[in-house]
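A, B, C and D are the chain letters, set down in written order, and residue numbers restart from 1 in every chain.
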Amino acid sequence: MKSLSFHRLPGADAMSVRVQEQDFDVSAELALMRIGNPKIGAIASFVGVVRDINEGDSVATMTLEHYPGMTEKAITEIIGQARGRWEVLDALVIHRVGTLKPTDQIVLVIVASTHRGDAFAACEFIMDYLKTQAPFWKKEITPQGARWVDARVTDSRAAERWGSIEKS
Amino acid sequence: MKSLSFHRLPGADAMSVRVQEQDFDVSAELALMRIGNPKIGAIASFVGVVRDINEGDSVATMTLEHYPGMTEKAITEIIGQARGRWEVLDALVIHRVGTLKPTDQIVLVIVASTHRGDAFAACEFIMDYLKTQAPFWKKEITPQGARWVDARVTDSRAAERWGSIEKS
Amino acid sequence: MITLLYFARLREALGTGREELALPSGINTLGALRDHLSKRGDAWAREMADGRNLRAAVNQDVAAADTPIKDGDEIAFFPPVTGG
Amino acid sequence: MITLLYFARLREALGTGREELALPSGINTLGALRDHLSKRGDAWAREMADGRNLRAAVNQDVAAADTPIKDGDEIAFFPPVTGG
């Protein structure tokens, strides 16, 4: 289940996609992005966190499985779609895999732009599509035993409100 | 111009508002928030950054002035309004004052919620209102000399799209 | 006495950031106070003129021209805000 | 030969995460392959049944039932995704 990938493209297409077991440091990622491009005026970020309760049951730990190779490809495509809709100067997605516990960070999406409207919209768009398109699966350990988390209808709706996504 | 204030209220009304000269550490603030509340599933953040170009001129440094006392009051009120519209488990605003240079962080808004829709909306709402309601003023030093930054019409429009804000 | 505060461009143009003033008799709204201050001439006339895009707060709350003012108030004048 | 991958609940139910298979003659779409696999019976019949909410990818791109498949392809079956 161990996997690490890293893409960084130069210039206008700057982006990074990483799937990793280890935790991430948001400040360090923000600093790298800021110092790399003084045109950046606005950075929107999202961090997904393991909650201690899901569907009414307490969650002790959670294991994240993914599809190596396709994960990175799907996320890179999602970022490409965001770039077609908004001004994106740089974008980063880190998704953790393996075993996590409540209050642990799961996923990080950072989008940098000149102005904040683009940064917020692109960050939320990437997160909405990631939840429905990127091949990750969560299994929770609860007092009632282990269970695979079911996909949420609200997540499909969240992705649908952005309109159809075209294949690049 | 030196000023520091800190409010942290317990439980459902958790929030912090700080005005300070020193830089901030987003990772440290996120960790404090996450560890304080295992119901948090989603954290949206915004960081405003000094750009090297504004209105076509290069910016060497920028000085931020504020109205001590009113600043904290205005931001606390903005967060209260966000809380009335969305589920906000915790919120933090840090705004720097004093002299900053390109790529420096200016402002941080963090909103934690159970789900990401609330976190994104409340974070963008707070930022839009902060830009039009909180008493901060920027003065830029450019090769053409020092100048006070003019308020942007797009900022008023961004705040207006959320509808009217009521006095608490 | 009232406390008057001026910020940013206004502070620089008027050459002062703060003054204490005995509330002039007959002045009981923010708008009346602004008119009164504009009669000081020069920079005051220019900066406090009706056409200037000026904002104000009474006791740290954003206030309009018809907001009542009274002895002991903290009253601030400033340009539209540009933080964030 | 084609490579078949199974993830998450599906991997556990089928008892395997990966197999190599000679592409059966006459099978040239994803839908036909799913039908073919469902005929293995037991867990295969249950998990690959028409009513199951199953997703699939051909060579790491999300694919539909009418997506063509050919020798050498990497084909993955999995439940709706739940990351983030």
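By definition in this document, contacts are C-beta pairs under 8 Å (C-beta built on N, C-alpha and C of every residue); 3 or more make two chains touch, one makes a residue touch a chain.
All of these numbers come straight from a predicted model, not from anything done at the bench.
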| item | value |
| --- | --- |
| Chain labels contacting chain A and also chain D | none |
| Centroid distance [mean C-alpha coordinates] between chain D and chain B, Å | 49 |
| Distance between chain centroids, defined by C-alpha means - chain C, chain D (Å) | 73 |
| Rounded Å distance, chain B centre to chain C centre (Cα mean) | 26 |
| Junction residues of chain B - those touching two or more other chains | 48, 127 |
| Junction residues of chain D, two or more chains touched | none |
| Chains touching one another, given as label pairs in label order | A-B, A-D, B-C |
| Complex interface listing, chain B residues touching chain C | 48, 64-67, 69-70, 73-74, 95, 106-107, 127, 130-139, 148-152, 155, 167 |
| Footprint of chain A on chain D - complex, ascending | 5, 7-9, 11, 53, 57, 60-62, 76, 78-84 |
| Chain B residues within the chain A interface of the complex | 25-28, 30, 34-35, 38-53, 102-103, 105, 114-117, 119-120, 123-124, 127, 154, 158 |
